[in-house]
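Next, two complexes with chain A in common: one pairs it with chain B, the other with chain C.
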Partner chain A sequence: MEKPRIGVYVCWCGTNIAKMVDVEAVAEEIKNVPNVVVSRNYKYMCSDPGQDMIINDIKEFKLNRIVVSACSPRIHEITFRKTLKKAELNPYLFQMANIREHDSWVHTDRAEATKKAKALVTAAINRINYHEPLKELSVDINPATLIIGGGISGITAALEIADADKKVYMIEKSNKLGGYTADIDLTYPHLSSVQQMLGPMIERMKKNKNIDLFLETEIKEITGYIGNFETIITPKNDNETKLSFGNIVVSIGLRSWDPSPLENYGYGKFPDVITSVEFEKMLLSGNIAKKDGSIPKNIAIIHCVGSRNKNYHEYCSRTCCTVALKYANQLRSAFPNASIYELFADMRTMSKGCEELYTITSRKKVVFMMFDQENDLPGIRKANINDNCEMIIELNEKRSRKFVEVPADMVILMVAMEGREMVKEVAQITGVSLDGNKLFIEKHPKLDPVATTTSGVYTVGSCQGPKSIPDSVSQARAAVARILGTIARGTAQVAGTTAHININICCGCQMCISVCPYSAISFDAEKNVSVINEILCQGCGTCVALCRPNAIDIWGCSNRQMTAELTALLLSD
Partner chain B sequence: MDSIRKRARELLEKNTVKVVIGYGVGSDNTVRAIFVRRPEGVEELIFDETCVQNLAVYLLKNEIKQIGKLCIIANISALRTILQLASEHQIHEEELLCLSVTPNGELLEFTGFKDIENYISSCNRDLPDKESEMIKKLEKMSVDERWQFWMNHLSRCIKCYACRSACPMCYCTRCQVEYNQPQWITVEATLMGNFEWQITRTMHLAGRCVNCGECARACPEDIPINLLNYKTVLTVKEKYNISAGTNANIDSVMSSFESDDKENFIR
Partner chain C sequence: MIERVDATLVNEIEKFGKGGWNDCFHCGKCTAICPLTEQEFLFPRKSYNDIQMGLKDTLVSSFEPWLCYYCGDCSKKCPRNANPGETMMILRRYLISVYDWTGLAGLFYSSLPALIFALILVAISIIGIGFIKQFNTESIMDFGHHFEKFAILGVASLILFPNIIRMFWYTVIKGKIKAPFYAYIKGIWDLILHMFTQKNTLKCEDNTFRWFEHFIIVIGYLLLLFTTIFLNWFSTENAFIIWLGYIVAGVIFIFTFDFVLGRIKKNKEINKFSHPTDWMFVIWLFLLALTAFIVRVFIDTDLINNNLWLYIVHLIILAQWAILIVPFGKWTHFLYRSFAIYFAQIKKSALIKNIAAN
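Moving on to the complex of A and B:
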């Protein structure tokens, strides 16, 4: 290996870093670290002049390693790798030291923060001594896309891709398209018809030649990697079909929770306690009535049923508050004289136009009452004959601190949305992880919300977290923009930072295979060792930590590099 | 004893197996492993309650594997080891045949892992009383007392790695202690380095240890290191309801996960 000639660049990030870290002192002191040839500081390293500075130095001083000490690698590692490429240096001869998120932003003592910055930069320099040039693999992209789930999210994605004249395979488990959206009457906040919007979309799906629609079909297994996936499906009444595609959109949505376990509400016991989904169907059919066919005089809507509660689902199901307001409006139009009650825990009407809907609803003689979702849920009992109603809801009203008895002939439970029955299988087949709530995990919650940690696989719509129709549609379109970009490029680069197994050390125990979250490892029975597929491997390091005889290491994040970095940190004062 | 000898002779005469690994009498009347390759050698075989050594450790040795199909005289520890090694893909059904004798003298012959699984499920797999009591005692100690206990013991460790050699699960081509770039565990037998070594060994055996006790028997310094492993045996049983060496297709505790784990750390 040639002798390292390292260039170090300490960024001010405007005042973000410079106000808490003495960047000049850091750059000055770093000059003494072995192998450092150039050390500079600059206002914005990511700007064009900042990057040009690196390019010029690489040429002038024959630098062969670059350390940028700035923000998080999640934001700019790719930027600077490209800078190195421009200067004809292998992009992996680069290391970032994060002195913003890990330092200036979280400290209040300038002297201490400066000390820490020096330690972090020294550690990065120590580490980069062991960096080696890595090769990136390039894979061709099959322009077809597989979409799993034909709700509003999947439909939007399919039409958008098909309109760009690219092939779509749409896999839908049920016998019709539309998902939950197909059962919704009006949508908030403007109470416009959902079916008038969805109907033409479904028609376009059926007519579009670029879309192959497979209803009542499920995916059992997918092989391959970005650009080159394959599956075999058995559509109903049809023969096995092999599909090849380059990208995958997962849009399987959520399902509504069965509230029977929440005994307070007597679902299944009282015939006129129904779920929001059942009520929505009633609205769509145009006939709101009790089980016995009569008209309800007192209607109560209970929020947060099974949501935001440790015992059921800790998260907020996000659309139900506004949907409940929508119901109050629709009920008021249908029954001008009925008593309508909204029993809520917290009113969450965050989307555009929704708070306004709350105000409008509150002027329509709807009674709002609050309860304690965590400790004191309302309870429903059968009314007496002279109560003049079917049921009585008992509740401790939170704001007035009064015990209240609410008469009801119909109770609508705003039930939680949760992962579908097959969600674990779909996660496993597509290589996407689930969180503890059975929601798909995005690649980055803020910066990359539709991609996943498996390249070429996107999750959109409510399966990624409960959401409204417009939010689902936005995610679908975002994923499509990414997919069409990949298709237009024709190839995808696969990062060189992958794991590799030393076949002289591997003892074939195959434990790494079961632990790899990306199914990147397989067993070579002839050689009696495990092997890693470089395209599937995401360099997560799980297998490295597991392997007892240390047969596995990661290019660009080797044990050697990690210990060099850690040693410098531990030795710093 | 006679039944084992008789069957071993048959197997060797018919060339069904190439070698029989069993117990014999060594110098000073100690029990030791013997490798019988000729039919007349079976007369040296013994099997009684003194035969505690876990002979399964020899199954993965290259010298032994090269000989061909083998027969092993297996006590319960060895049978459990065989199942555990099978679940770690280290041995295959067709490579070996096991003979054993029940406490009331009945000869057992296992041809497949299923047979072994069935037999093991009816055997007592609990820790020996002596060790169980020691663990209870250690659990009752304060952290300081426990630290002192292990300091006293581990300060005597000379890093001879006999515990590793005796353990049938320590079959790694290259042990973690043999790395120097980076060096995970110090080479010299210093107190902290000895701790590093034993903690690594314990964690590497968590969920895999079949409580045969071989490691402690091998230790020239009489360090009860098997207690560390036995504690993991109890923990793994309690938390995951898994006992190593009871099934040839067991999921390893350390290498299995559920994608929807309730804990956040996994994400």
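Moving on to the complex of A and C:
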């Protein structure tokens, strides 16, 4: 290895850093650290003049390592790696010392903050001595896409990709397309027909030549990595088929919760206590009636059944409040003189037009009553003959602080949405993590909501979190934009910072295989060693921490680099 | 007995006026700004809840609608335009109908044709009596004088007194207010004070002038009643009584004219919504005083014998007022409001005592 010639650049970040850290003093003192050839400070290192300074220095002083001491690497690491590339230096021969978030922003003593900055920069210099040039891998992208789940999100994604003239394989577990959406009568807040909306979409799905539809089919295993996935499926009444594709969309949706465990609501015990899904089917069939065929005079709708309750699902199912309002509207149209009661915990009518629906509904003589979701749920009992109704709901009304009885002939339970029965299998097959609520975890909750930590796999629709139709559709289209972008580029870059195994040390215990969250490690039985797929590996380091014989290391974040950095930090005064 | 929620109660209350109970979403701003609401009597929001949930027993036993003097601040500030002030007014109408044992109050409030029919019936009866008396001025005026006495006595004993007892039954007995007898004695002074002064109105903001007008009308009305019935204004030769009558009648029709004008202009919150019975109340009081005034002028100028029709018109208005508006209409707020304040004070002291005992 050639002798390190290090250039160090201390950034002012305007006044962000310079106000609390004496950047000139830091740059001056750093000059004395071994292997440092150039040490400068500048107002904005990320600006064009700042980057040009680095490029010129690399050429003039034959620098082969660059340390920029500025903000978080999350913000500008990629910027400076590109700078190095421009100067024809390997981008991995770069290290950032964060003296803004870790120093100037969080301290109030200028002298101490300056001292800390020196320590952080020295540590980065010590570390960079051991940096090595790394290679970025490039993979070709198969333009076909696999979509798992034929609900509204999956259908939207499929049509969108197929319209861009790219191949789509749609896998659906049931015998029809549409998912839960197909069982909905009207949408909220506009009360327009779902069937009129969904029907033509399904027709287009069937007719589109770019879409291969596999109904009543399940996925057992997916192999490969971004751009080059493979699976073998066995469609009903058909032979085994091998599919190759470059990207995966997971859109398996959620299922409705069975409210039987909430015994106070008497689901299963009283025939006219039904779930929202059952009521929706009633609406779709055009016949709202009690089990005995008669028309209900008193209808109660209970919100938050199994949602926002630590014993069942802690999250809010997001759509039920507005769906309940929709029911009240539909019931009022069907029965102008019926008594309609809405028992809610909190009225959550988010999204455009939904608060307005609440206002409209409240003007239709619908009685809204509040209950304590945490401590005091309503209970249902059978009514006496002289009560003139089927059931009595005992309610501790929260706003009036009164115990009241609500007469009911039909009770609609707004049940929670929860992860589907096969969600764990799908998560394992696709290499995507689930959270504690059996919802898929996105790559970044705000900035990357449809991608996952596995490159090439996207989760859209309610399987990522309870969602309305417009939100699901938006997510599907967002994922399609990402996928078509990848297909258009034709290749995908995979970062060089991956784990690698020293096969001379590996004992073949396979512990690393069991912990890898990306299924990136396999076992070579012949050589009795673990093998890492560098494209799947995300460089998380879990296997490194676990490996007893220390056979695994990570490019760009090796044990030696870390030790050098830490030593410098610990030796600073 | 746990109270039963009833979604159909609003249909019943709706007959007494269009309130905004469907718009209220319980932010509580109205209660927060109300100068009259107290810890023990929270309104208007709480009344909204009782209407929306259809808690009839709670509503019927509540004093809150009567404790409101309708300054209209709540209606001005309501973020949903749910009109709390008018809703309290509607509840007062509803309660008047609940207290009334004859059911006529409810009928007249909810059906304008029924009310008009009753007014015409009374007018025809008076004309019929005039016919029987062969339109003899002296005997008709004599009849009118006696009618006034008997109407007051009859309405008070047959309608108003039983209705106050019913109010007591619904609010105090069914409302389970347990207070010692001396509390009722102790509160009588307050009852009289509030009945004749409406002093709580002054707690509302910018309400002094309205209170003054209302106070003058109440005192003027009582004095006019006294002058015509006990001092026999229309037959007296006593100059003092004649002038007293002129002054009180004049004061009433001038001040009620301003009330009528207010309802036409709708410039104040309280005047924005007028139920037919609201119009009737102020117009009839205005006409009552005006016709009385003119009748006395005609007597003083000896024109009455040739213009008996004028006295008959006065008598018709008087009869309609005494038989219909006083027992079954807005007039009763004079009694119910004072009694509600009286009972409410007793309830409050009982509550405070209870809390202290526990």
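Everything below uses one rule, namely that the second predicted complex is superposed on the first by the 445 of 573 C-alpha atoms of A that agree within 3 Å, B and C clash if a C-alpha of one lies under 4 Å from a C-alpha of the other, contacts with A are read in each partner's own complex, and residues count from 1 in each chain.
Going forward, a residue touches a chain if its C-beta (ideal position, glycine included) is under 8 Å from a C-beta of that chain, and two chains touch if they have at least 3 such contacts.
Bear in mind the structure is a predicted one, so any value in this text is a computation, not a measurement.
Superposition model on chain A: chain B and chain C are shown accommodated side by side without a clash. Look at A:N559: by the touch rule set out above, it reaches chain B but stays clear of chain C.
In the superposition on chain A, A:R548 makes contact with chain B only, not with chain C. By the touch criterion stated above, A:K446 is placed in contact with neither chain B nor chain C.
Judged by the touch definition given at the top, the superposed model places A:K3 against neither chain B nor chain C.
Put chain B and chain C next to each other and count what each touches on chain A; the higher total goes to B.
When the shared chain is aligned, chain C comes close enough to touch A:M369, but chain B does not. Superposition on chain A places chain B within reach of chain C only down to 37 Å, the least C-alpha distance between them. Touched by chain B in one complex and by chain C in the other is not one residue of chain A. On the side of chain B, the complex with chain A involves touching residues 88-90, 171-176, 179, 181-182, 184, 204, 251-252, 254-257, 259-264, 267.
Those residues of chain A lying in contact with chain B across their complex are 419, 424, 427-428, 433-436, 438, 441, 504-512, 514-515, 517, 523, 546, 548-551, 559-560, 562-563. The touching residues of chain A, when paired with chain C in their complex, are 298, 339-341, 359, 362-369, 394-395, 397, 399-400, 402-407.
Contacts from chain C toward chain A in the complex involve residues 2-8, 10-11, 22-23, 25-26, 46, 49-50, 52-55, 58.
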